[in-house]
Amino acid sequence: MYWKIDLSIHCFRRLVLDFLTPSLNTLLQGFLDEDFGRGDLTRSALNSCNASAYWVTKQPGIFCGGPLVERLFYLLDPSVKIKVLVPDGTVINSGQKLVLFEGPAASLVGGERTALNLAMRLSGIATFTANLVKNLEGTGAHLADTRKTTPGLRIFEKYAFRCGGGVNHRFGLDDAAMLKENHLSCVESIDLAVFSLRKSLPWPARVIVEVETPEQAETAVRAGVDGLLLDEFPVSSLENLVPHLRQLSLLEGDPQKPSRVVLEASGIDVKNLRAYAKTGIDLISTSAPFTKSPWLDFSMLFDQAG
Amino acid sequence: MYWKIDLSIHCFRRLVLDFLTPSLNTLLQGFLDEDFGRGDLTRSALNSCNASAYWVTKQPGIFCGGPLVERLFYLLDPSVKIKVLVPDGTVINSGQKLVLFEGPAASLVGGERTALNLAMRLSGIATFTANLVKNLEGTGAHLADTRKTTPGLRIFEKYAFRCGGGVNHRFGLDDAAMLKENHLSCVESIDLAVFSLRKSLPWPARVIVEVETPEQAETAVRAGVDGLLLDEFPVSSLENLVPHLRQLSLLEGDPQKPSRVVLEASGIDVKNLRAYAKTGIDLISTSAPFTKSPWLDFSMLFDQAG
Amino acid sequence: MYWKIDLSIHCFRRLVLDFLTPSLNTLLQGFLDEDFGRGDLTRSALNSCNASAYWVTKQPGIFCGGPLVERLFYLLDPSVKIKVLVPDGTVINSGQKLVLFEGPAASLVGGERTALNLAMRLSGIATFTANLVKNLEGTGAHLADTRKTTPGLRIFEKYAFRCGGGVNHRFGLDDAAMLKENHLSCVESIDLAVFSLRKSLPWPARVIVEVETPEQAETAVRAGVDGLLLDEFPVSSLENLVPHLRQLSLLEGDPQKPSRVVLEASGIDVKNLRAYAKTGIDLISTSAPFTKSPWLDFSMLFDQAG
Amino acid sequence: MYWKIDLSIHCFRRLVLDFLTPSLNTLLQGFLDEDFGRGDLTRSALNSCNASAYWVTKQPGIFCGGPLVERLFYLLDPSVKIKVLVPDGTVINSGQKLVLFEGPAASLVGGERTALNLAMRLSGIATFTANLVKNLEGTGAHLADTRKTTPGLRIFEKYAFRCGGGVNHRFGLDDAAMLKENHLSCVESIDLAVFSLRKSLPWPARVIVEVETPEQAETAVRAGVDGLLLDEFPVSSLENLVPHLRQLSLLEGDPQKPSRVVLEASGIDVKNLRAYAKTGIDLISTSAPFTKSPWLDFSMLFDQAG
Amino acid sequence: MYWKIDLSIHCFRRLVLDFLTPSLNTLLQGFLDEDFGRGDLTRSALNSCNASAYWVTKQPGIFCGGPLVERLFYLLDPSVKIKVLVPDGTVINSGQKLVLFEGPAASLVGGERTALNLAMRLSGIATFTANLVKNLEGTGAHLADTRKTTPGLRIFEKYAFRCGGGVNHRFGLDDAAMLKENHLSCVESIDLAVFSLRKSLPWPARVIVEVETPEQAETAVRAGVDGLLLDEFPVSSLENLVPHLRQLSLLEGDPQKPSRVVLEASGIDVKNLRAYAKTGIDLISTSAPFTKSPWLDFSMLFDQAG
Amino acid sequence: MYWKIDLSIHCFRRLVLDFLTPSLNTLLQGFLDEDFGRGDLTRSALNSCNASAYWVTKQPGIFCGGPLVERLFYLLDPSVKIKVLVPDGTVINSGQKLVLFEGPAASLVGGERTALNLAMRLSGIATFTANLVKNLEGTGAHLADTRKTTPGLRIFEKYAFRCGGGVNHRFGLDDAAMLKENHLSCVESIDLAVFSLRKSLPWPARVIVEVETPEQAETAVRAGVDGLLLDEFPVSSLENLVPHLRQLSLLEGDPQKPSRVVLEASGIDVKNLRAYAKTGIDLISTSAPFTKSPWLDFSMLFDQAG
């Protein structure tokens, strides 16, 4: 399948620019405003002190968030000079310097907490993701994320997941259609629901169905879905089902309608990741990097001031 | 192909709800604010007059915008009672009543212009689209839209296109990747560009390539794209190329990688619509309903006041 | 009448600055956000490619929107260099270059669609307006616009109307009072309504009344209105009515209260434009440039990249 | 002049609705947010206490702001019941009850300060204005305001000025053109500047010129301006100049171009108000109600709680 | 008490930076938008004129607002060069130049009114405050402000109060808890209310109680409040009560729980300021600088243009 | 110390209302918009299906977020009926029902993910906090939070911390002054910095200093700070230092200036929580509930639909 490509190199720093959209400033400004409120009361103690400072990591992991840190400080005070030493997606070791800062001390301490909070959260996600991705090496399966992200941070958290080596799933309710268990309780049949969706969707939008039994899976493949989310199937069940569904999708596919379906396992315990990956599944989706990862611990240290 | 389904019934009124997203209010409120500015200077002449009124169309066509009119007036004054008589996507005839209103005259005339402007524009698009779609009947080809929409109105105008019987293409730069002519001048080769995109895209995102020669078309199909935009090809050229590319996509598709590509003709003169449709093409994309359609003409008439 | 001046030179490029108000950025940013959504998915294919490009028109007409294009790209990426070759309001010929661009290819293609959509819409309006204005040459009558503008774009569309040689009418419900047919159904008499408005309006606000019979017209002139909108009067009727109302306004005007009224014809078929203009009317208002004009067709071409 | 009408009854409560524009909620919400910040820390002491309360004035004056108080509390908590006892523009006496409230005590005290601040400021303006207006009784001159208003409150403060019996001047830079002293230092001549403005203005926009010498005044009248702001002229000078300019405006006004100019005195000491009014001037403009008025003092008292 | 320090030097210019928070731009932009509306109609008369100008004060007082003026003009047009000659909090004399400007005349006159309105209001507050503060010299008491500020301007007006030599009280409902008279009507007892607040407050938040009798004052001190607002107590009463409450707070304060309370007098006539200050009270709070101060009068003069 | 009160009952459901500030809607609306983007593509499969559903927890813990879930769904669709079965701060057991829903299926699944994401994150924090708080039982020490919160969620996460039994520290840079290590590198001495802060702070704002040596701690206490953050002191060091600093604060405190300082330990390993608590310290601050807590796992199940 064409997206089964080597992902090991995919998190260059420039990639973050993909989502440096025009409205990104509004989000970051909101984060600064949250901390500043009516203004920094401690600021008046700093007079016109200038300082240089750096970030250092206290833990090993995958760094993520550098370009966001640059943008945050730029919004706060364009006179602050920043040099990000580590591209996003890079392995970092305890004690490694990450970012250098120079400028008014009031601006450095003013943006410190917000910037660290963002980068530590994102680096925690990237690190946790990378650890899971290691288990998939050589299996052909990829790790996919979910919409179980912190409210307000989805675009950032999904970027961090990608920096950890994962593949993004849909970003919202609007960029693919997914019939989930709760939808199915409202529709007459999977066929009709898929048919009904195809009628109104933009043509590039994929249709994905979450299934809980092999029978539902067969029905969905026959209905020509683009993706199938096999929820909480045991490994043993998938070992037979995956090749069966692939075959079925090709048989169904008359030359005018081939429809190789993307098969995704969900609801699994990450301890069994490798066993699932070996079933021939395309994707294993997990929200664990968003719901279970601790933040990676960084410090901001002033090396001189005056 | 699964999305080649009967679209003739696809514009139910309820469908508009698909895009009645939480932030819709902000857009509509902005439209009201644009007209009101610092307040309606004529309002003080109306005292506490109540009135009933209706919309009537002066021209035949396809109606579009009813639920938006309801929402606009609700935002302006929740005490206004509205009854939309005509579901979106319905054929209307000259002189037909469309919407009934009852409430404070100041609110009825206050929202009149904004609501009419929106519905007349959208109904004009739906009508123009429907006239084009008629030419495709029985050919298996569908009419697709483009991103050539009025700034600020894309979600509305694409909805109107759908109400006229068309199929929506991507809504923005973020819900599918499309390598266009200007992109290709920056990439080493189509293959590498497609490869590079697959690395970073969310898996549900389709990859589409705009091509200008048969050779480019072949290359793109071999690179496994999801869609091909054949720009300004003559009908005669497509007659051979379409079956060739279909065949190629199946040959390329080993059982593990079938990739039936969606073929789309663009840059065509709408006078030749049917000729293009008969080439076996899947989609014909046009921005004419957005760039060339006149507004459909409605009036708001007060039938009593007191 | 003092505003009956030569309008042929009135669309200098600098004039656009009149509405480059502080909040303009918010509008333009919203247009970019609409297209970018969660980010440009195709961007990662462009690496760090730089390019130069230009806009060229495929059709003759009147150009409009140059300063807005500059501002849009500045908001997206201040490193893009832009040179607008054609002042707003200028006649352009097929094949003429309009704007030059240089900068990151990702930014050029990122802003391309939004900027073209805006400038093509506005140039379409300016061109359509200019064609109508030609019919008025030498008559002393001017073409005025209406509030029948695309929601969200009024300030831009009215600017384009002016670039085409037209005169703007009020911009919203708040910069002049206008008693329209629907208002009149709620008021006791035109006299009382005008009286009531004068009581609460800021003194610079004009009072205009829409009338449908010669009797209403006389009443309104006697009530001392600033402007009269003669709706759907036949040419033959206006030939007598216009001089009569002018005379009446002078007679009414005792030395302490002269009140030369501005006479405006509305609801006319543009085919009769010149006939109406010759009646001695001051203004002929039309929304046709907003509701009937096709967009002017421009292309953005990359001439080199690397 | 037609706007020289009896203003004594013009501040009905309904008039406030003129500016209850759609975006008013945003302004009022911003005022509440300013006081609440991250939330009312004292609120948890109030449990689920309900209370009734009322506003009482400690000083006599003119009340203004009732409908705004209603809207503010509605935005904060729709369950609060409010009864405004006094229409805007009404004379109130010390000790008089103004507004009744009933609802959750937490909401009553939460909105108390913001609502009082707004109404006390506006009532202060209305009261101060009314005291000045008394001096003009019987003179035919009216009191006009200026743009010297508190940033963010213009629409409210100008409404209060009207409730005190004054006439509003323009609301912003966009609803009339005014050439002031600083403009004149940049233009070749008054004639050319007026000519240049007429070319680009919407036709309903008036052109006003501020002059400092009788010669400038004559020039401006001859240029056909709509209004003349006679800045810091002594009373004695105006006694001759006013009739002269009136005469001139009529002479200039050939039957095709009558242009009775509105004459406005500015920069005067309010102690001389009546003397100026007797010169035959139309308007005397002052910012004193905005820059010099003390707030009217109200209290909010709880009469029962439980 | 530690905050009883010499305040005479506390209004340096840099202090204004304390509240130059990230969101400040939004507030200032809103002020500009209020005046510009749909654009400056007079602007087209100015062509490309450049000018230099200055502000001069017509009255003596305390200047306040310089850094805000800089920021306002920067938001409007970054090409305007500004030099603020007078630090905030400085005494200024009639005729003194305050700020120098150089740049496009259209930008200078465009921002003139908004900037002057803000600085004149703030300087009026600073001046009025400084006059009150003089009465407290040598008494050890300080002048504190209240939340009785103009809606939307609190952060600015409280800054001006500080520039006049006053001490700020809480900025909103969220940075200290204050049980006021209306709260007390809803609580069982002062003790329980204080107890209940301590349970849910962030630990740095102070608890303050407004009292109207000596008995309430004693109860509140015994409940361990941080501050006591003695409302409308006569001077004679405070002379005894202040030392009594101080003593009580120390007695109550066993070594583990000292609780020297801050004593504040409110609701006093400013004529008695010094008498109150001599009672040993810590703070005297007044809203007079917000509700009673006239604006300080400045002019903007163009010294050359071309 | 007065805030050393029994916190076991402090998280009533009504307390959440403390931060249901006017601007809360904006935050929650933003969360919905993030998921909806241009609209829910799957919605059209649901027709007009109505459903009832419930939330159930898969894990034991402390529930948090009920009132926010109500508000979120109200913003999305006021016709959805919600019954929150469990007050915030309550212990919940695996399999327990938490919330009941009834309404249009499209609205239930539309808001499902956003609401779950918020409540699961907050309940995870509350649960983690409660587990830490247990270790402090009977010691007199309390657990305090920090500003190390997820960007955009501070107000919610700090509420969850409180629901778990913790005490909130300051909410932003604006509600207390804190001199941290990085500040101290810019100031001449702790004394002067504290002095300088007292000069400009609102009087209710506390001054806190972070210290790293016993000498710094003594200096800060002598400078009269309100709180002392003892960073990374070993337990053994605090055992002596805490009583010493308390004594010092009382000695320093002459009867006119008592200043019992709040002593807070930070930078500790949570495994040593109880040992630290027994040193007599007032507060132990930790960000672990924000940076290390996994989300509590809930499901939304449809029990019927039709």
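Here the chain labels run A, B, C, D, E and F in written order, and each chain numbers its own residues starting at 1.
Heads up, the rule we're going with is that a residue touches a chain if its C-beta (ideal position, glycine included) is under 8 Å from a C-beta of that chain, and two chains touch if they have at least 3 such contacts.
Remember, it's a predicted structure, so these values are computed and weren't measured experimentally.
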(Q) Can you give me the shortest step count from chain A to chain E, moving only between touching chains? (A) 1
**Q.** Chain whose average C-alpha position is farthest from chain A's own
**A.** D
**Q.** Classification of the chain B:chain F interface as same or different, half of numbers criterion
**A.** different
Q: State the chain with the largest centre-to-centre distance from chain E, centres being mean CA positions.
A: B
Q: Could you tell me the distance, in whole angstrom, between the mean C-alpha positions of chain B and chain C?
A: 26
Q.
Just the number, please: Cα centre separation of chain C and chain D in whole Å.
A. 31
Q. Which integer distance in Å separates the CA centroid of chain B from that of chain E?
A. 54
Q) For chain B, which residues are shared contacts with two or more other chains? A) 15, 18, 21, 36-41, 43-44, 47, 155, 171-172, 174-176, 199-202, 205
Q.
Help me check something: in the complex, which residues belonging to chain B touch chain C?
A. 27, 30-31, 34-47, 49, 51, 53, 105, 108-110, 112-114, 116-118, 120-121, 124, 147-155, 171-183, 185-187, 193, 196-197, 199-202, 205, 291-292, 294-295, 297, 300-302, 304-305
Q.
For the complex, give me every residue of chain A touching chain D.
A. 37-38
(Q) List the residues on chain A that touch chain E in their complex, please. (A) 29, 32-33, 36-41, 43-44, 47-48, 75-76, 106
Q: Name, in rising order, each residue of chain B that touches chain F in their complex.
A: 14-15, 17-23, 155, 171-172, 175
Q | Residues on chain C engaged by chain D in the complex (per definition of touch) | A | 1-3, 5-7, 9-10, 15, 18, 21, 144, 158, 162, 167-171, 174-176, 194-195, 198-206, 208, 224, 226-227, 250, 253, 255-260, 262, 283
